[in-house]
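As written, the chain order gives the labels A, B, C and D, with residue 1 at the start of each chain.
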Amino acid sequence: MPSRERLHAVFEARENAGPAARGVRAVIVTLIVLSTVGVVADSVPGLAASWRALFRTIDVVAGVAFTIEYALRLYACTADPAYAHPVTGRIRYALRPVMLLDLLAVLPLFLGLLATEMRIVRVLRLLRVLRAAKLGRYSSALGVMGRVVRARSADLVATVSLVVALLVLASSAMWMAERDAQPDKFGSIPAAMWWAAITITTVGYGDVYPVTAVGRVLGACVAVFGIALFALPTSIFAAEFLEQFRHRRETPARCPHCGEPLDAAPQRPDEGEGVT
Amino acid sequence: MPSRERLHAVFEARENAGPAARGVRAVIVTLIVLSTVGVVADSVPGLAASWRALFRTIDVVAGVAFTIEYALRLYACTADPAYAHPVTGRIRYALRPVMLLDLLAVLPLFLGLLATEMRIVRVLRLLRVLRAAKLGRYSSALGVMGRVVRARSADLVATVSLVVALLVLASSAMWMAERDAQPDKFGSIPAAMWWAAITITTVGYGDVYPVTAVGRVLGACVAVFGIALFALPTSIFAAEFLEQFRHRRETPARCPHCGEPLDAAPQRPDEGEGVT
Amino acid sequence: MPSRERLHAVFEARENAGPAARGVRAVIVTLIVLSTVGVVADSVPGLAASWRALFRTIDVVAGVAFTIEYALRLYACTADPAYAHPVTGRIRYALRPVMLLDLLAVLPLFLGLLATEMRIVRVLRLLRVLRAAKLGRYSSALGVMGRVVRARSADLVATVSLVVALLVLASSAMWMAERDAQPDKFGSIPAAMWWAAITITTVGYGDVYPVTAVGRVLGACVAVFGIALFALPTSIFAAEFLEQFRHRRETPARCPHCGEPLDAAPQRPDEGEGVT
Amino acid sequence: MPSRERLHAVFEARENAGPAARGVRAVIVTLIVLSTVGVVADSVPGLAASWRALFRTIDVVAGVAFTIEYALRLYACTADPAYAHPVTGRIRYALRPVMLLDLLAVLPLFLGLLATEMRIVRVLRLLRVLRAAKLGRYSSALGVMGRVVRARSADLVATVSLVVALLVLASSAMWMAERDAQPDKFGSIPAAMWWAAITITTVGYGDVYPVTAVGRVLGACVAVFGIALFALPTSIFAAEFLEQFRHRRETPARCPHCGEPLDAAPQRPDEGEGVT
């Protein structure tokens, strides 16, 4: 197998990666974990003073490694027929969300070389923590989850719009019910939205809660609606996971009439591309 | 296609709306969002003073647009065979819940023209926030969810009655356990119901909680029962979503080799009407 | 149809109750709701003083009606072949949990006739609130839920034992982590159990929470485990509901080899009795 | 049946245990419960002083019984072909997680014989509470759950890594948003992690919460993401439970008329080994 194809397989193939690919991945995952631990520890005032040199070293080593990884991905991507063109293929590949995430994760290193004391750079350097999200690229189980979420993205968007509508309605109603009793906490609809968000998600910190009778009845109804609303995506995910599990298993099913294997693809014309 | 049928399709067709319909919908959705943002921002004391003119303009423009939309819907509805009669068909159409909601969303504008300073009008104007709920009319994913919720409405009613029964039993028991220790918080069963509602939904603000040993054991049991109770509708939704997904996919299922239908349809005679 | 059979059908038949049965049920459900509202309102000090006579009347009327209902059920139960014997059949019928619940709901009336001022009687009179739970007897949707819960009762018991084991382990560990820092809140394992119960159920009142680093890591893990644990029964319910829905629909399925309808019963020998 | 095989069946067979096995199990379960209650009660200062002798007796009796159980399991395990070798089979059997748990549960007794007053021993004695977890070995419903969790362990690991990534990202972002406003509560990323963990799990004690506008928007988003994230494993469990229920039922499925198997087994070649 030529070098470019092998490189591409090392970074992109999910199922049948060889021992070399597994080794490279183990190194990258280790660097992601080390670098994330470094950023987290660097935020603790006491630790930061004593261990600055170590954190800085980890940061630079991981940054260089991720830069090399980024460059190699960009070099090898033309092995994929979908990105075969040397220039436009690479540009389209670089604009995929996961590649932009990878770019954001290495940028702070180079900005840090220019000026380490500017406040904006210190803020940008925290982007390194995004490297933790890179872990997902190396898990095949996350691939199935991503497929489920994508297959049901329209339902997710609909759920989010329902949550937003409930948020607006609940906070408007609660603002009317409580603004006289607690003007400091329910003084405007945006202020009441903080209460609504924390109640719909059933977090319930307890810093803001209704005290009037009308407000309490409203609050209880909002909590119940919140639970019902979040039951919808759970249900949709469950149904979709089952379809995915089942589809994989049913592939060798045969027609009871002619005995030919049933090619599953024509049965689901609308989902066929994502489930191979 | 004659004008009335086209208008009706613009407002009602979910799946195969043409470019004109999509344009009209985009305008309406934009106006809904703008108008909702306006109502929310108008409630913030500082913003309201500076931007009153803008909020008022948005409010009037959106109100006029929604009035026109309401009138056109009412004019075009006779294109639907179910509401074909010019008078009684239109009245029945106007009494559908979504049309009543639309009416409630434009009413405050006209009330506001009569008298802007009366307190009752200020309260009614908040109904404009209901326009946020109109968003649901333009999402096809919400159509599937609505179908699932309707198909299982009897189960939902049963769950709600179980929740109410648990609420009454839990608050009565907690009233007996805690009324001597915390007479200000558990002084009556209705007062204890606030605790019960916030515990069953697992919100747990922390403004009211049991302090006696008996009350704490009771409280823990109520929380566990609450979770179990809300697991029921989630389960029922999940099962129903799966049935809906599966039915859609199984309808065109034919053996690709011999062309025989793999007859899934005759297996579910009782659900055939609702899922076309 | 003879009188006893009709009476029995009025009270017990779920699906095909005639108009007389529906009328009787509407009366009983109204009385349950009124009587429950009465008990709840009676606990409010202000209301109790002004409306005592009304509450007392509702209480006596509902009590007498439920006593008659109880007697009629006991009289008519011999129409059911399973309880055909005039004496032993009736005793076995009276010992069913729902009948014992009905008895508990009418007992306070007669105890109240003997002595209204004794404290024990006042406590027992609260049992009237149990009438709210009687509502479940008149909902057919609850019948399906009850069947699902019974079919998976072994799994529910297993989940409860897991929850208890997690409770004991979590509170023991937290007691060791926090007893020195907060001796008033984590002074013993039973005291720590209150924290564990409120955390596992994700209620989180905020009256007790860990403050040490070890305690906080433990607390976060316990919360995650709690969610995972309560995900199990939700999943099991969902799977069982789907089986129940599907079983009902698949009844007319036919064998692809010989074309005979597939009687569903022999396929599920272990569940066959409960799903007719 | 020879003695060793019978002993092995008493401890390991899940489904068809005879009356002797059920008796032995009842004794062990009783001892586990008694011993756990003893450890819990021993932590209450008042109780510990009065009942020390009783707690100590229970502890020793249970410890001796569990030691005998452990020894008998080790003696009898060679009846299982997988652990047939007298030495290496027994060592591999002793290294299984459940056997290590059993060992941990009896160790404190022997350490306590050596020195009862050393602090480390007192800590180790709490390991006796792990005996509560032994209960799981004697429930067949937990067997199904364990199979489901094992079958989806890769998905669980992926979910945990997503939770950890969300935890790191959320606490980093919140640290940046709130460190100036609340330096005592959000002074470092690890400190903010406590907030993030309690919010993602929707426990929401209320000891730490954002107060700035940016922090509140972030907090609401984190809570919503947390719910969505925990919906994934629930969905996966639900789908897998359904597969397990279905597989068990489909195995003996034959057309009752022509006797032909309705071959469900060949449809799922990849799961065949784990569900017998």
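FYI, contacts are C-beta pairs under 8 Å (C-beta built on N, C-alpha and C of every residue); 3 or more make two chains touch, one makes a residue touch a chain.
Given the structure is predicted, the values throughout are model-derived calculations rather than measurements.
The rotation relating subunit C to subunit D, fitted on Cα atoms, comes to 90°, given as a multiple of 5.
At the interface between subunit A and subunit B, two copies of one sequence, fewer than half of the residue numbers in use are shared by both copies. Centre to centre, using the average C-alpha position, subunit B and subunit C are separated by 29 Å. Between the Cα centres of subunit B and subunit D there is a gap of 40 Å. Within subunit B, contacts with two or more other chains are made by residues 202-206, 234-235, 238, 240, 242.
In the complex of the two chains, the subunit B residues touching subunit C come out as 154-155, 157-158, 161-162, 164-165, 168-169, 171-172, 175-176, 187-190, 193, 199, 202-206, 209, 216, 219-220, 223-224, 226-228, 231-232, 234-236, 238-240, 242-243, 266-271.
Those residues of subunit D lying in contact with subunit C across their complex are 36, 39-41, 43-45, 123, 126, 129-130, 132-133, 135-136, 139-142, 144-145, 148, 163, 194, 197-198, 201-207, 230, 233-234, 237-238, 240-242, 245-246, 249-250, 252-258, 260, 262. Within the complex, the subunit D residues that touch subunit B are 202-206, 234-235, 238.
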